[in-house]
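Both of the next two complexes hold subunit A, though its partner changes from subunit B to subunit C.
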Partner chain A sequence: MTATPESPTPKSAPQPAPAAETRPVRSAVVIGGNRIPFARAHGAYAGASNQDMLTAALDGLVARFGLQDERIGEVAAGAVLKHSRDFNLTREAVLGSALSPETPVYDLQQACATGLETVIGLANKIKLGQIDSAIAGGVDSTSDAPIAVSEGLRSVLLELGRARSPKQKLAALARLRPKDLAPEAPSTAEPRTGLSMGEHQALTTAAWKITREAQDELALASHANLAAAYGRGFFDDLITPYRGLVKDGNLRPDTSLEKLAKLQPVFGKTLGEEATMTAGNSTPLTDGASAVLLGSEDFARRNDLPMLARVVDAEAAAVDFVHGKEGLLMAPAYAVPRLLERNGLRLSDFDFVEIHEAFAGTVLCHLAAWESEEFCRNKLGLDSPLGSVDRARLNVTGSSLAAGHPFAATGGRIVATVAKLLHEQAAAEGRRGRGLVSVCAAGGQGVAAILEAC
Partner chain B sequence: MAAAQDSYLKLLSNPLARELAGRLKLPRPAVLRRYRPGDPLLPGPVLVLGAGDSAGTLASALLDWGLDVRRHATPGERIGGIVAVLDDVAEPGDLAAPALALGACLRQLAPGGRIVTVSRPAAASAGAAAAPAAAAARQGVDGLLRSVARELRAGATGNGILLDDGVDATAPGVLGALRFLLSGRSAYVDGQFLLVGPGTGTVPADPDRPVAGRAAVVTGAARGIGAAIAEVLRRDGALVTVVDVPAAGEQLAAVANRIGATALQLDITRPEAGARILEHAAGRHGRLDIVVHNAGITRDKLLANMDADRWNAVLEVNLAAQLRMNEAFLASDLLGPAPRIVCLASTSGIAGNRGQTNYAASKAGVIGMVRASAPVLAGRGGAINAVAPGFIETDMTARMPPAAREAARRLLPSLQQGGLPVDVAEAVAFLASDAADGINGQTLRVCGQSLVGA
Partner chain C sequence: MNAHPEAGPASRREEVRLPELPSVSRLLVHAATTAARERLSGTSRPAALPAVRHTVDSVRVELERLTRFQHLVGGTVRDSLPSAFLHTVTFPVAMSVLTRADFPLPLPGLVQLANHVRQYRAVHFAEPLTLSAWVENLRGHYAGTRLDVRTEVLADGEAVWQGTSEYLAKGVFRPGLDTGARPAREDFTPPAPTARWRLGVDAGREYAMVSGDFNPIHLSTVSARLLGMKRSIAHGMYLASRVLAGIEAVAGDEHEWNIRFAAPVYLPAALALRIEDESRNEHWVASSFTAWGEHSRRLHFSGSVRTL
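Up next is the complex of A and B:
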């Protein structure tokens, strides 16, 4: 980003970077974020594509920080449900945004951890001095999901393209069967188990004996916390309205335990035990996009931009859910302890803990696992339980149960939120707090990261 | 930019329609001469009338601008502007010669031409009153100017500059006001007087970029007049922050990205609004130099049907919030060394308007607030003024009943048309710049010399 020539405060030129082998690792900071309000599927954004929404999230970020026509070091974003035409989704979004068309871009996909992984990857590039500024993002639309032709039809069409003679063409078409004409919509089912994400979580929830009441209480807290954060203007500089939607469409500020208790279970109905997972304590399908502005401290200072929090470290994990050794969404339970150990930290060292609420059960299973001596000894190889998360520090401005969960956009939402929380706390209390972010993902994966107030 | 449109004015761009309108004795409004960077100041030579010393010194000052200056009209030649220097009238008989001289060359005034009188107020803002005969002659200029302005056609306007005690005709503030009134920036200012008091003597280094490098904040900037103000301030060189309620964030971001500003989503009625604006402007630009209080709402109802919610909402947004924010700004050391505040009043606040008791009370209140705050701002080397728009083509006036709208456009103003948001913006930008040196505590109407509030 170049300094504005008429700015009243003279800005110094960027420091020339030393050669790579002598370059020290530096800090990468979160400068701010922007997202569009998340909409329930087939709602306000039914007519918006992933590219539309990601462009809107980028443009809101550009407007907030005055980045018009600036060349950003690199932009990375992705979507979980992606049309084949969107092979260059992020680049197309950047070209349609107010950023300089000379901004380089890459797409990334790690299921629901996509958004967090873009933050980590770009922060690492900043730390290494490869880039000075970056925008990490993610977007997903379940309303505008790609619908594919069946494998049978696809195979016939490809063969038809290769056929030269009319006879060969007829032969190809003759293979077509009526069932091949049915389209295939994407689902959240795991390819190797055939179980949906909800059914997988129902197994884990039951195994950890998480009660319906505990899940409903967590869902209620998510709505109450999100509503309160809106009420105090917390999202004024984190969200830009889009297509007439001003707040997250899934937020139910007036929900109650009574209302949540009335909902019928939707997952785990065939487990033989009482089913506990409802539409109220599971995240709905959602459309939305988010973006996070990252930079070196030098970049932020040079451009008079705020520094909210440093991206300290991150860890990914994966579990073997295919053979039933672990629950599908339990990978962060492994990523977090490894991350804490590497950084010499305990759970109690964090002022804010953000655990993505794929389902209320997911969060509660993680908390239970970290409190379980057996789990921590047998699965993590620890002498004692990892510890408890103080509920007063957990998802304090709400999470996915209330806000919704457009898969790849969730990481950006959480990172910007926790960075702002840390910054607010630092301003109020004058100390550098820490935040822990944990996101589970399809395929038995999970990613965790540590942020620290600047 | 203006979503609303005057289709009659558009129709008259067709010569046949224009002739027909003439035969039917319908109003034939002109396309106004509006400022475009690079255009000459006037559409022809400037004629300086007046027998006193001031006329001579003022003519030399205009020569220094590179203008084609005449002291006598050449018969048959088009004149771009006439400056009538009347600061020496001492008794009513002194008016005859300059008035008749002005009349003799009126027919030579070019389309979009300008008449500007330079005179002294009947009662100076401080000090002893003028003798009755002198006061009568000085006040006579008021009637002369306002009437000649009504006789002008083809988009020409007439306005006056009043020299306060101790201010001579070539004071920087007088020249700044004169340049504004002669230029296309004052297209919809007609029949108005600007009182120039003793200023700081500062003049903009570049008259085409009079607010270069200044950090400016415009509230209510997501659309209409506010967006136009932000755009004009940016064009004139300011570093602009646009503010609007979070719900208008999408339009606000679009404005910011179009003009190159930063967007701040903020409800100005929040108690911390002033602090948030200061924090943002100081963080991004080091300080806050210019504040434009444009945000305003209407909740029209006849007083007999008025309820507390409508009354209070209008007074809170349009007046109380401005008072609170000004208090916060003036208490802060982040406010620049020569702060300029411009508030949006309304002709409704001057003349009253049926169904707008709440709105008119709030806007009249603004005029009072500006007058009372002037000494405080002057003490800091700055100024506070108001602009009172008349009928401006915006989304707000597009919602008026058609008959009332047509009357407001066509019958009431001398210019026979509504103004555009940019017309208000130009006046605001002038008052936000050092060109308005010595103008303080005043309310400038931008109304095309409407009968309302005249």
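Up next is the complex of A and C:
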């Protein structure tokens, strides 16, 4: 239906809307966020499904911003551990929520970067004027993880379905072996290497010579910062209690370096070098969900909603980890420099730096890489090191080591946190600060984003 | 592409055309009964390798077996044949040479020491293949007697794949063959791993199903013990196939690879591996690999894949 120069336009017809190519790019802002407290696996949310938890996070957001029966431009969310019946997980959650059932939805999956990627994708649609409002989110449950039948049983069942004669059916069944009846739980092992994420990180941690003490200190800071943030009520408008949980179940406000030092290493025990990664400086398996409300500035003003921060730009990266060329979780170390380069920024230009704490070692390896002249020259092609991150600006309200990490829910937790931190700072100091978000993901991927106070 | 330096002076060999692919299990039974009969009657085997070349024409790959092979070794189900799969395709022809009455070494107890394979182009599963096998290079080894089993795959009259498997007949010494001194065992310090394999006790049985190599030393603890092993061991070619499946994405179809086995992998097993890529001008040229016992830290095999 686009008008071509040849097609005559009657003079009385209304002016058509500007074509998509000529529409100016506008801002996408974070209005607010909501999550349920993250629970340790097989704890408070053991009976809740991904759909239940995502619906709870959405309903909390709806209640907070008065979105009952609102038709949102688009909702995108996802889960990393997902049952095949949940192919429309987010749509089902929206249908079960207080949002208008006429809200369109899509599911997204990018391992642990799922939540951040939903924010980026939806923010881009808002910037292009395709939608005016959006909810980004994610959820994961390790307590209610899908359990699959073994490959042997699956192949027999499929063969049985294809069989036509009783003889063919018997032949299919005859292939069944007792061990085929054992179920298969999802594993965190990388399919191409057979190494778990923790073992991969242990290799990277050892390669960068990150000490046990440095990792324990980062873990301690995460718990202390998260506890302090709860203490000052920072999460009051970011969290809705669920199933009796009001705070993240993994938070240990009273932990100490001495307690952390007592824990036995759990990853990297066969490396030959000293194993440094423990349950204390590694993120536990957790259940939880998060949601972030995004909109155009016009949408926020029209609905009298706050504008916390603009989603400025984002970059994804992937590394070749399969034969050990780079560490599995090091992709953000490449995404961030590219993102900074494009935006003409340095690490010191950020007031808040959020690096997802998959493991304390992951964060410390990133920091070490950006300070390394060799890495920055040989791997990033830079003349000088990217620089240091001021620890006073790093994960200032705690991160995944203390809060937990329900894979797809982490991006939403971090974006809502940084947006609120930037807004607080802008209100207190009257300046537009910047926040950097970095999330590593399975498969050697990583996503980074820049937010700026409104 | 017609004359490969390794094709050998086939003209001096007697050409034996087999009507069809022989059954490996029948050949194995035949070899076992021959060995038993020889022990009873005291007949001895000839001193030289038979100057024959066994060939089977118009062999077609069974698609379902190919799919199962590709899945079992962790490869992608593609229409082209993995070079390690082509080894299993030629295996019955090689076995038909090794089980001949005039083959000088007893088949039970032959140990695979190394493999070298060159593949010159992609081979589609539907191509009719001509498979040949012969033996050569009988020579001494500090632990017995060695030989090379050569196999070749032709498509459209052109050699597309060539393999050399080095076997050792342990404890069999032939007069006139220089055994040489046992080399000092090289120290092995495991490097940082890039992968881990957990091999179940049934890894040997599963590979036998897709490769047709039903040697009892691979099938179960009981059958392996009957042949004097403490437990069953993984097929060398399973280990090779699996490591190659992890490299096939970068290596493409025209490449050569070699593997040398240092110690048998008793099942079940936890192996650690390091696979390292080598590139020139940002293009892959080779990958080298090493595998060792995750806990024993003992070297099991090593090798490389290289572009031709």
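The rule is short, and it goes like this: the second predicted complex is superposed on the first by the 435 of 454 C-alpha atoms of A that agree within 3 Å, B and C clash if a C-alpha of one lies under 4 Å from a C-alpha of the other, contacts with A are read in each partner's own complex, and residues count from 1 in each chain.
Everything below uses one rule, namely that a contact is a pair of C-beta atoms (placed from the backbone, for glycine too) under 8 Å apart; a residue touches a chain by one contact, two chains touch by 3 or more.
For clarity, every value in this text was computed on a predicted model and none was experimentally measured.
K.L.:
Counting only touches as set out at the top, which of subunit B and subunit C does A:R192 meet: first, second, both, neither?
P.N.:
Second partner only.
K.L.:
Output check: A:V322 vs subunit B and subunit C. Expected answer is one of first, second, both, neither. What do you get?
P.N.:
Second partner only, subunit C.
K.L.:
Scan A:I239 for contacts with subunit B and subunit C and give back first, second, both or neither.
P.N.:
In the superposition, A:I239 contacts subunit B only.
K.L.:
Check the contacts made with subunit A and report whether subunit B or subunit C touches more of its residues.
P.N.:
Partner with more touched residues of subunit A: B.
K.L.:
Who does A:P101 touch here: subunit B (first), subunit C (second), both, or neither?
P.N.:
neither
K.L.:
Is A:L271 in contact with subunit B, with subunit C, with both, or with neither (first, second, both, neither)?
P.N.:
Touch partner of A:L271: subunit C, not subunit B.
K.L.:
Sort out for me which residues of subunit A touch subunit B in the complex.
P.N.:
It is residues 4, 6-9, 56, 59-60, 62-66, 68-69, 98, 233, 235-237, 239-243, 246, 304-306 of subunit A that touch subunit B.
K.L.:
Would you pull the subunit B residues touching subunit A in the complex into a rising list?
P.N.:
On the subunit B side, the touching residues are 212-215, 237, 239, 246-250, 252-254, 256-257, 260-267, 270, 283-287.
K.L.:
Would you mind writing out the residues of subunit A in touch with subunit C in their complex?
P.N.:
Subunit A reaches subunit C through residues 179, 192-195, 199, 203, 206-207, 270-272, 322-325.
K.L.:
For the complex, give me every residue of subunit C touching subunit A.
P.N.:
Residues 190, 192-198, 202, 246-247, 272, 274-277, 287, 294-295, 297.
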